[in-house]
Structures are given as C-alpha cells and as structure tokens.
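First subunit A sits with subunit B, and in the next complex the same chain sits with subunit C.
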Partner chain A sequence: MEFFVRSEKKYNPVTPKIVDELKQIVGSRYVIYGDEEKLQPYSHDEVPGAEYAHMPEAVVRPGTAEEIAAIMKLANREMIPVTPRGAGSGLSGGAVPVCGGIVVLFDRMNKILELDRENMMIVVEPGVVTNEINEFLKEHGLFYAAYPMSLETCYIGGNVAENAGGAKAVKYGVTSRYVVGLDVVTPTGEIVELGGKLIKDVSGYNMVQLMVGSEGTLGLFTKITLKLLPLPKAQVDLLCLFKNIEEAIKAVPKIQTIGGIIPTSIEFMNKTAIKASCEYLNESIPYQQAGAMLLITVDGPDEQQIEREYESIGQLCLDAGAIEVYVADNATTSERIWKVRRNIGEAYNVISRRQSAEDIVVPPAAIPAMAAKLQELSDKYDVMIPCFGHAGDGNLHSRIVSQPWWSDEKWHKVLPKILDELYRLTAEVGGRISGEHGIGHKKKNYLPYVVSENYIDMLRTIKRAMDPNNILNPGKIFDL
Partner chain B sequence: MRIIVAIKQVPETKSVKMDEKTGTVIREGVEAIVNPLDLYAIETAIELRETFSSLVARRTGHESRVTSHGARTCAARTENAGTSEVIGISMGPPKAVTALREAIAMGFDSGVLVSDSAFAGSDTWATSYILAEAIKRIGDFSLVICGERATDGDTGQVGPGIASFLDLPVVSYVSKIELIGGLKPTLRVNRLVEDGYEVLSCSLPCILTVVKEVSVPRLPTLRGKQRAKRTEIPVWGRDDLDVDLSKVGVNGSPTRVVKIFRPKVTRQCEKVLAKDDESIKEAVDKLAHLYLRLLCR
Partner chain C sequence: MEFFVRSEKKYNPVTPKIVDELKQIVGSRYVIYGDEEKLQPYSHDEVPGAEYAHMPEAVVRPGTAEEIAAIMKLANREMIPVTPRGAGSGLSGGAVPVCGGIVVLFDRMNKILELDRENMMIVVEPGVVTNEINEFLKEHGLFYAAYPMSLETCYIGGNVAENAGGAKAVKYGVTSRYVVGLDVVTPTGEIVELGGKLIKDVSGYNMVQLMVGSEGTLGLFTKITLKLLPLPKAQVDLLCLFKNIEEAIKAVPKIQTIGGIIPTSIEFMNKTAIKASCEYLNESIPYQQAGAMLLITVDGPDEQQIEREYESIGQLCLDAGAIEVYVADNATTSERIWKVRRNIGEAYNVISRRQSAEDIVVPPAAIPAMAAKLQELSDKYDVMIPCFGHAGDGNLHSRIVSQPWWSDEKWHKVLPKILDELYRLTAEVGGRISGEHGIGHKKKNYLPYVVSENYIDMLRTIKRAMDPNNILNPGKIFDL
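Up next is the complex of A and B:
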C-alpha cells in the first residue's frame, strides 16, 4: 500500500533498538515483533479485501495509561506511527496500520473497574467486550443501551472510537449518548481526564464528544465512564411482511406519529436480503410473497404496556398493507426472527466473499427512493445488493456482492464505479456515506462527496493542533 | 377428529443458573417458555387438523365446515366425524397458562390448565397419571401428541406414561405422520431408531411422541395472539379430576430426589509432538483408539 505511505509524512521504521525500548515499557512478553505470522492478524479488520490491509511492524499490549503515554512519547521522538486497535471488528479500516509502525492493542485492559449504582454509571477499561458489560449489569437490573450488532466480539473502546450505533438507536440513540467521562492519552503522550460522572457539564469545549467517533485519530482511551439505564423487563418483537418497500417504509413514521410509540428498533430488509437469509436458515415463514420485511421491537418496564404497544403497532402495519404480522414475546421465537436479520451477512458470505459492506445513512423518508436506486444499480452492474438496516434511523446497510463467477479483476474494476454512483445518489438525497461504521481509510476518498471542503479543513485544523507530528492513526478519515 | 397435545412450560435453558451451594436450579427471574420440543408436537397437531379437514372436504364434496372456532366445538360435541379440533393441555403452576396461550396463538382451538397445589412436586409417574385423568375428562379424542421430552427434566417418560395409564398404544420418537383412509383414518408413522427408522401402522386412538424432524413450527401471528388473549382457559384441580390424592404430589410420587449435584467435567490433555512418520503413526493410532472408546461408551 505504497500510496498511503507516500501521502503522509515520512515515518521511520521500527528498529530492534526501539523494540527494546518498547519491551522496557510494557514488558518483553507483551511485544510482538519480527514474526510475520503473529503480526498478520493485526493487519486487517473486518473489511474484506487484501487491498485494505497493511502489516504493522510491531504490536504492543500495554496494561496501563502510563505505559501508553510512554509509547506515545517514544513514537513522537522517533517519528513512528501508532494505530490503536480494539477487537478488530471494525468495518472501515480504523484499526488498520496503513503507514505501518506500532499497533497498540487493548486486550489486556479488560477490566470492569467500578459499578456506581448511586449515579447509575459504570467505569470500564477499553478492552472489555461490550456484551460483558450487559452480562455483568443484568443481575443489578441495569443495562448499557448503545451496543452494536457485533456486541459479542467488539470492545467498548472501539465502540467509543467509532461512535458505534446499533439496532436500538431509534429509542436509545448511539454510543455518544452514554459516554460521560474518558481518560485519554493524547497523541503527544499526555494523560488527560475528560468529563466525569456528570449528566451536565459545560466547563469548556465538549472534549468527551470530540473524542467519541474520532476513529482513534485524536486520543487513546484508557478509562471509560458510561451512563446506564434500568433494564427493560418486557420485550416483544414483531416480524411484519409487506408486499413492497414503499408500503413497509410508509408504515414506519405512522408508528410514532399515529401510534405515539417510540419502538426500540425498526429493522428493514429488502427482498434480496430476506430470500438469502431465509434460504440459508431453512426458515419456513412465507418469505416468497414478501417484497420487504420490518422487524420491530418494543421494550419497557411492564408487560401490559408492551402488550398494548405491540398490538397497536401490529394493527398499524396491517392497516398499512402488511401481508402478515408475527409476534415473538419469548426467547424461542425472538431468537428465531432476529436470526433472519442477523444472518443476512453470513448468507451472502456463502455466496461470494467479494463484497463491499456499505453503511449509508439517509433521511428516513428517503429510504424508498434510495432502495429503488439501489435496485437500479444492482440491475445496471449485474451485482447483488441486499439492502437491510435500521429503517427507524435511515441507516441502510447495503452490501454490494459480486456474482460468484466474477474474477477479482472484474470486481475491482466495477466496484469503484458502483461506489461512485452510490455515494453521489446518497449525497443527492441529503445522506452521508457512513452512519455507524466510520470513514477510516476505506471511505476516505468519498468523504468530499457529502461534506464541504471547509468542513474537512476544520477537521484538519483540530488534528494538526492535537497531533502535530501526525503520529496517531495517520491516513484515516481525510488526508492532512 | 380431536387431537390433544400435552405441553410443558420450562425455564429458558440458556439463562438458567445453578445455585453453587445447594446445587439446585435458580428459577427466579428466569424466563418461562414452551418446551422447545413441544413446539413440534403443536405444529404437527395443527397440520394434521388441516390435512384431515381438507380430506373430509374432498370426501364430502363441499367446503369443510371448520371455519370458525364455534362451529368446530359444537360439531365435536355432536361427534360429527367430519370436523376436527386441537386442544392443548398443560400441568403446572398458574403461570403455565401462557404456554397454552402460545399454542392457541399458533392455531389451537382451546386449552386446559391442570393446576393444584396438591399436584406440585409430582414426578413423571404421578404427572402421567394426572394428565391421563385430565385427558379422559376431555374425552372423545383420536390422538394425543407429546414432544419427545422436556428440556428441563429430560426424561421423555410422560408421553409413554400417559399411554400406559390410558391403556392405549404408543409410538415414541415419531419423525413422520401420514393419515391413511377416510373419515375413520389410521396412521402410518416413521419412528426414529438408532440406525434409521421403522415404518409403523397404528390404529386410533393412540399416543405419539414426536421428534424435531416431524415438522417446522410456525410463528404465532398478531391475530392468533389476540385470539389467544380472548380465549378463556379452564383450570382443573383436584375437585375436577377423578384422581386418588395419595398418588399425586411429592408424597404420592415414587421417585425420590436424594441429591442434586453438578457432574464434574474432567478434561485430560495430552500433547503429542509428531515430528517423524513413526510418531505421526503413533498419534493417529492414539486418536483412533480414543475414538473407538468413545463409540463403545
């Protein structure tokens, strides 16, 4: 990936002498160096395609903020790029060391430090697997609401860095809503405490929220304070089959405007996505008739209320033309219908590994128009574009999947054309190219499609001020 | 044709936790669900009702009269051979009524809950006895269907137990059911055995316990859920059934739970460093030997 290196400042290689220094900082057993096989797993995240991968020169696994600060001081002195890495489940290349150098791994910093029940907050280290937070909180009757779909593997630190969203965003919002405090190591190696156990705080710029979603370019998190909510006691899922996308999407705003209900999630699946997933799962629901599906979840503190809510949502959907509405109010049926949504990706992995997972976000009312355009693209370029995602918030996961018989060469020739058209269309309807995956280096070149040059300049100014040597995660979001 | 399905409410196994000190299951705060293996029995019963109705419709040359809930029950009472209904029966605490409602939401006509503090703690023998009495009271049935076993007790004894108390034929582990004949049909069923399946012919009435392969359970619909909510489910206790109270509950149960404990899982690990042909052969032999020992268990 020569072009990445050339486009950034000249960096120095990691020499054995620097490795010795790293070993002194974190302990020799926590440095990986000189072993291709052991370094390889840290060269990529979940973005498919070798063209997005880049090998690190060394991987270090620090245990404290002080160790991370020392690593950053060393990296600035020696001009070596540093890329922070969570669980590597990202979808925009945020954790990929595109300029080589050092990868800082957070797997050792994986402790839940404090549950503050009085303040309904939890303090965790960045390497805690997100799902473990909720497993831990369950018995205390609390929960952390902003987890993404990859909750069983991803780290909370990565969630904060990418401002991860998820299926529950309609009601509960995304990660940023819950981060109230961050201990940060700056790109130059200073340790700073931002925010705290506060619901309101206006002491200066909102640095916590600047860090959330900074994609590892502005700071390394060493301690995260999250706001918690009472655990909902009842939950019901509805699977609604519609004849076509228009009818399905038209039902969505009615739930809130006519029904007066804010569902926890409103997931959407188009025909292509439904068919692949149901066939993959041997699911017996009559999916052949369905041109679109909505998966709607409601949750709350008591069963009677939830029953009223799901009945009125279900009725609204039937009135809006739904062919059938299935109800899942227990673990067995809930798992079964969520499987249809969760296995779309897996179903397409079986068809072809050559895919591009897109994460466009549009104003919710523009979903039918966007879905129609995606269908046009799919016909024009003869690719499969299953379209699924969060109808409630306009975040459409459209995955461009190659025909299995295509050559790599053909795929790489056609894909940029499709992306170019897709992102232009997104800009036309007032959308953005990423709702929750981030820009990383994967979508860097497309950012100017949807935001102004002045906006990107503002980002550059912040980055230069905080990271004068461009040491921390260079080559991401924009070129300096 | 009246089909009765025995349904058990069980704790959701994924969320079950054990009390490390007493060795018992912590049931508090654990979700209760329809025994997952009973869902196949529920689906099978609904499918059989549909098959039988269309069969009758074809025979009699007009549309089946199974159009509404009311029509079905009336007809069943007058012993009209042309109609059919499916009834769920469950024994358990009052909250087990939700399991019956789920079955009604999937398509059952009605349900009966057998619940009484005197029945609490019944083992599989006493449970079979009570359920058999309740089934007798429903009466006039052609078929009783059970899941192969419940995911909590894991015994698989209650289905055959009911058959024994009713003195009726039973076929367990049924993977396929065909209705043979017209208005008074018999059954041809496939029964799973270790190395294949048996094809058996069976007269009605009889009891079947079914395995996963028999059907794919449907999902309850909104309309079904609303119908289930409106359906009244009678609760039968000691006064409603002709049961000998000395044979039920903890005291009437011949089974005694003496001790509950967690089985110790022992894992032995042996590392074999296979560098040359001879040591590879040795390692393969060892693996083959282990595999054979597992098979013989």
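Up next is the complex of A and C:
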C-alpha cells in the first residue's frame, strides 16, 4: 500500500531565501527551520505509525490573518505546499505535511475575542483549546455544545476543519450546527469573511458549511463565530444493560419515537470493550451479565423535567428487553461511568500500541449488522476489535488492535486486509469510513470504497477551482 | 434599475429540432412548446411585478434522474439555459427563466419513496408538497421539523434549493439541518449521490450543504433523504404583550439564558401589523394597549413538561416588562393567534398589491435598532412597513407596501430608493438581505451591499467550476 502518492504538481523546496521572507512576514522568532529536533513534532498527529509521518521543511507561527494571507501568496508564487495544523490531536493525518513545505501553526492565535450575550454567540481565534470556551462560558449560563471527546487538548480551529463530533451529537448535532461565521484565508491568499452573527442566512452559497469539515484543504480559518446554547441545569446518566448489541440498538429509536425524547447522548459498548476499560481502571461498574450496554444521558433546564425523561427512557429500555437499568444522578457516579467509556482506547493501548482507531459511520439501524461483521473480522484475523461508539448517530469507534505477541511485520501485512474488508462491509450497509475523524491521508485510498467516482470528481472540481496550484494541504482526502 | 443583465455567454434558441429531442427524452406529452398560454404560468413565481417575469421557450416534465441528466447533456451541447422549478411559490424569482430556454418541472416526481422508521428518516422525490410529508408521518409519531409557512403549496425540492426556514427554526433550525442525503444531477448532466442515511459523515466535503440553498444553480435534486424527529405530543402558545419592540426583543435572550429554555417559535409583530391582520380577519385578539407582541410556542413530549416551560417563560416576560401574558393551551385559541400572524401579508394585499416582501436577517439583538430604522423609512417615504417576523432568529419580514392611491409610476420610482436604503441599513448592523427567501434575480444587484466582493468571487469560482457553460439557472444570485 502506498501512503504518499505525490501529486503530479512539482513543488519547490523551502530555500533560505524563502525562510527570510517568512521571517519578514511573521517575525524571526516565529519561524522554525533547519532544526530537525524542533521540526519533528510537526511531522505527525495522533495516528500511530512512522509510515503516516512526514517532516515539514519549515514551521511558521503567524499571529494575524494578514500574515497568513502573505504566507499563502508567497507559497503560490514559489510553488511550496502549506499545511495548517491545530493541536495535532487529529486521527487521520490531516495536519501531516505529506508533501513537505511549510506547516502553519495557530498556537499564537488563541484568544477568545468576544462574548456576545445578547446574540448568544462567541467569537474566537482558531487556536483556542476547545475546553477553554466552555470553562469561560460557565459563569454566563451558556455553553458550546459540539465539543469532541478530546476537548482538553484539541483546538476549536481543528474541530471546525474536521467537523468534529462528540458524545452529545444525538441532541446537539456536530460542530457544523454551531459555526455561523468564519473568517478565512483562501488557498490563493485572499481574506474572506463568511457568514456572520446570523442564525439564518441564504445570501449566497453556504460557504461556511463547505469550509467546515474540509480538513484544511479549502481555507485557513482565522476567526470563528459560534452559536451558543443555554447551559443545561440538570443532567442524569442511565446505564442500561442488554443481552447483546442487537437488543440494545433496537431500543434506540423507541426512545425517540415512543418516548418522544431526544437524549443528549446514546453511547454503546460491547462487553469486550467495557471489560478491558474496567480492568484498566480497576473499576467495578456492573456489566458481567450483559453482552452490551447503553449509556444514555439526558439534560435539561431543571431536575423535574429530566426526571420525567429518564424514568420514561428507563421503562422503555426495560420494555425493550434490558436486563437492568442503573441511574447515575450525581456527578461522582456519572464520572465513573463516563470514565469507563472514555478509557476504552487507553485500555487497549496498554495491551498493544499496534492499533488502528477507526470511526466508521453507518445508518443507526445498521449497527447490529455491522457489529456482527466486526466480530467475524475479529475471529477471522485473530485481532481484537472492541466495539463501542455513538449509537444515536451510528458512529462506531471500532478499534482494530493487534495481539500483543504479533511482530510489526505481521501487523503491517494483516491490517490493510482487515481495513479493506471493514470498509467494504461498511459500504455494503450504506455507511462511510469516517464519522468525525476525517479522511486525511490515512484513509484517502479507501474513500472510493464508500462514495462514487462522480462524487470524488465533484470534490476535485471544487478543490482545483479554489486552489489552482494545489498549495493548501495537498495529498489529503483525494488525489488530484 | 436593470433587472436582467444577460450574461456574456451567448445562448442558442430552443428550435423545433431540440424540442423533438426533448420529447424523445421525456415523452411527447411532457413537453410544452409553442403555446404562449400554456407557457405563461412558468414565467413567474410569487414575486409580483411583470418586470420580474420572463417567458420560457419550452417546459419539460421529466420523471427520472436519467431524463434530467439527458436534458442537461443536451442543453450543454446546444448552449441552452435550463431553469428548475418547484411549486413556483418562491419570493425571489429563483424559478424564473430570465435567459429563456428550458424550464424543468418536478411535478411528476412527487412520490414519498420510503419511510425508514428505524433510522427515523424519510426518502422523497423533490416534487412532494411539503405538508404531505407531515400528513403522512402523523400516524407514525414522527415529523419533519423545518417546513416553511407556505407548506401547503411549496415543494420539498424548492425548500431544499432555497434552504427554507419557518416559524420553528428557533428550536428546530432550518431545512439544512435535516437534509442528510441528496441525489443530484449536476449542471453538466452527471448523476451524483451525496450523503446518505447518515447522521454524521466527514468522508469528503459537505456537498449536501453546498447544494442546500444554492437556488437551483449548482444541481437539480432528484431524491431527498430527510432526518425526522419525534412528533411533539403537547404544545402551548403564549401571547406576550409589550410596550414596544425594544422591550419585547430584550426578553428573548433571557428566555434562553435565564430560563434555560429554547422555545419552538419566537415570533414578533408590531402593533401596525397585528391591527391590519385583525381587521382583515375580523378577529379580536387583545393587543390594543401593546406596541409589540411576542408569540412564543413551546412543545415537548408531555403536558407537564411544557407547562413548566411556559410558566417559566411567562414569568420571565412579565419580569422583563410585559404588560400582559395570555396562554393558548388549546388548538382553537392557538389557531386564532397563528392565523393573525400568518395573514399579515394577505391583510396588506387587500390594502395594496404594490408590495415588496422582504426578509432581511440581522443579528437577533439588532432587531430593535432595525425596527426603528424601518419606522424612519416608512415615515420618510410615506409607505407602510408592517414589521413582523422571527425574533428568535433575527429574520424580519418587513414588507414594503405602497399607499393605495399611489400610481404605478410613483411606486416604481420610490421602491428602489427604499430598498437601497433598507439594504444599506441592514448591512450596517451586520445583517443580510435574505434569511429564507433567497436572492434569486430579484435581489441580485443588492448582494454586494451585504457581502464582500471577495465572497462573491468565491461563489463565482464555484459556479464556473461546476457549470462551465453557465447552463443551470443562469442570472441568479450573482452575475458571472
């Protein structure tokens, strides 16, 4: 498998003369060049495996949109690729400079610029750590609803670039629902303001939504306006044990159709996943009799309302065959359960570092079929595939984990076969290969498994039109 | 003012030979040609004024995506413009064939194809009347939440093309939030499947959202997959009287931040608007002491929940200075109030047919400032500007209505001046010229008032790349 098919375009190297120009644009102290050790951290994101890494030639740390525009003009003039990078917490290699060139960091653009209470919006720079937004908003009774699981490290700019999801997407949707305004620098170095403090707007194409999830290939974000929601004043978690995944998933639409309730989160975990995490944490939540578990959160403006909701959900789950339903109505118990959910990945990291963190997404009703197929794959190739994820939106974090005793060689021989089968099976049920991590360069070669060539051609048409020299984050999502 | 700046492109006429080809594609009985009387209804939408109309040369009524693709291939080969048309209920001239050529109707593609209860999605053809979807869904305990006020006549395909809004957007958002899958025929005649039965999906750019609201200029929709929600089981309306618009609007964010409640609708009307509609309907809802009124709807899974919500909202409104709060907790009273809201437009139609139905959108907190400016405009030019709309999303349906005794000549001289000022004022508060009606060709010349030239250039880049011959709905939104 070839990971880095260089585009046909011939790029030029970053010469000392160009470095001088970069220094003039952003200031000498904000350019890293010629120092392998200092450049190395920017050669990879959170995808494990040296084969996914690539060294940048220079790293720049601009402080304004104007500086970024100047960098892009320079890069177009000199034919040098530019890769934007948030916190580097990505899981698809989106921030890896696969064609070399310049990496643009946003760590200096990290200010919360304005809280607009009347319009319930916040204006931030892209380098703000996502969690800081909600920490800042707490005292104002507001919150940003679309933060992902990695909120304590990731940047909001990266969330927008990847259209990050998270556990609360069932009720609150993903990042795209909250981005109302976006200042961008285009691939050719123009500064453009998209959207604004507007909840509705049909004055031209929805360029904001084209930018959200474009994985840094269509624009560099310099200012982000987010819609906020009232901070829920009460929250309860339900832990519902089922015999197997099929029975668990069948309960999900019933909560919404019969109960008329849209929970905040509907997470599921199979027994293997829970067991590994509980053992890793030395935790003892009840799961032994169950083959699968739903972790359901409801939140709302007051305790009486959510009490009615969780009682109704609990009853519906029991009616749908749940073995047992536990209520976690205090922060300590809630945190214990969520910690189990969040640490599944870490638990498997201890077992083996040879992993592939997948995030396929399927129509929600197809989760049981997909889970059965994952079990078959796991048996066939003798790998571990803990099955967990967001049942409410069909997003499965099926992580493929090597047996600890395997050699690197064996892992690299077997993994492509497993992924190939996994993605084919995903396509068969109408799914896609990424629900929230993005395609980056890690999954680029698999995109044709789940979408048509006509669709990829459409993406190419857009990319070529907006970035004629293929300067901005080349080699991602698809090859030109 | 020039309404129809023909693009530089030279189009060819629809000849009898081409009509023969069209007949071969869709069948003879589905082509209208050479009959002025039968073609005339397709020369306009709901925008009044002959200056906004333009005759098509031929009208075709395809039944499949393949037929539409063949029409587009033919049109590109022969350089003939093609304009897609839904129910013709648009308010910006989007379905008017301003460059002549072929109008494509969707009235034959009017089937509900599939209700997927497990995934809570519905698959429909574009020619389904929007209201039929919810009529069909009722017995299944589900509903499509983003329908606009014109739901009884409009087509869902038109809703998607215009990204239609509606009164419930505060809680439920607009059309874009619910479109998860879209089969399209591209301007060059390719059939492409975008999205799917997926709630999350980051496998490539979000082409679905680029298509939603593109006003029929980037693709013709042939199949639409919509996300559904549980049908609320209870609903209550509150009628809150305030001294003036400013006090009314100031209460809006308090409901959300202090109350922690997101109402379904927050509509407002000034006294002039209510009075006209009440007189028109011979209705007697209480409003005499008030300068402005909020009509607030809450809905939810049961009566106890919404009772708590509406009591809390009522109290917050009183605390914020409301003169009186009335509760409409039965269908008859609710309908009486909503009828007043819905009939403001009709009431003014009786006064004068010379009107311009505007739907500017501003940051919600800017509504009082904008309302004051509308009052100034009304005084300055001696026209009626009833002020009403969606307070929760800043979308003002400020309708400019001629005095009944004015001449056509005077109206046509004064209106452009008013619109010019209106849009400039809108731009000053960070607003846009359309929240849900679209730009079409009616507002095309005003788009540069509210967005930058760089932004319009970005739209042109996309349009040129996707429609190199400028065949699909030319002359809309912007000139190439």
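Definition applied: the second predicted complex is superposed on the first by the 472 of 480 C-alpha atoms of A that agree within 3 Å, B and C clash if a C-alpha of one lies under 4 Å from a C-alpha of the other, contacts with A are read in each partner's own complex, and residues count from 1 in each chain.
Going forward, a residue touches a chain if its C-beta (ideal position, glycine included) is under 8 Å from a C-beta of that chain, and two chains touch if they have at least 3 such contacts.
Note that the coordinates shown come from a computational prediction; the quantities given were computed from them, not determined experimentally.
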**Asked** Should the superposition on subunit A be reported as showing a clash between subunit B and subunit C, or a fit?
**Response** fit
**Complete:** Chosen between subunit B and subunit C, the partner touching more subunit A residues is C
**Request:** May I ask you to decide whether A:239 touches subunit B, subunit C, both, or neither, giving the answer as first, second, both or neither?
**Result:** first
**Prompt:** What is the contact status of A:93 with respect to subunit B (first) and subunit C (second): first, second, both, or neither?
**Reply:** neither
**Message:** Contact-wise, after the overlay, does A:284 reach subunit B, subunit C, both or neither (first, second, both, neither)?
**Reply:** first
**Message:** Touch test for A:311: subunit B only (first), subunit C only (second), both, or neither?
**Reply:** first
**Request:** For A:430, decide between first (touching subunit B), second (touching subunit C), both and neither.
**Result:** second
**Prompt:** Just subunit B (first), just subunit C (second), both, or neither: which does A:345 touch?
**Reply:** neither
**Message:** Quick check for you: in the superposed arrangement, does A:177 touch first (subunit B), second (subunit C), both or neither?
**Reply:** second
**Request:** Could you read off the angle at the CA centre of subunit A, spanning the centres of subunit B and subunit C, to the nearest 10°?
**Result:** 110
**Message:** What does the superposition give for the shortest Cα distance from subunit B to subunit C, in Å?
**Reply:** 13
**Asked** Do subunit B and subunit C touch any of the same residues on subunit A, and if so, which?
**Response** none
**Asked** Which part of subunit A faces subunit B closely enough to touch in the complex?
**Response** 238-239, 282, 284-285, 311, 314-315, 318, 324-333, 336-337
**subunit A contact footprint on subunit C (complex, rising order)** = 116-121, 140-142, 162-163, 165, 169, 173-174, 176-177, 186, 190-194, 196-207, 209-210, 212-215, 218, 229-233, 253, 256-262, 300-302, 304-305, 308-309, 312, 361-365, 390, 392-395, 430-439, 447, 450-452, 454-459, 461-462, 464-466, 477-478
**Residue numbers on subunit B that touch subunit A, as the complex places them** = 12, 14-15, 31, 33-34, 36, 39, 102, 105, 216, 218-222, 224-226
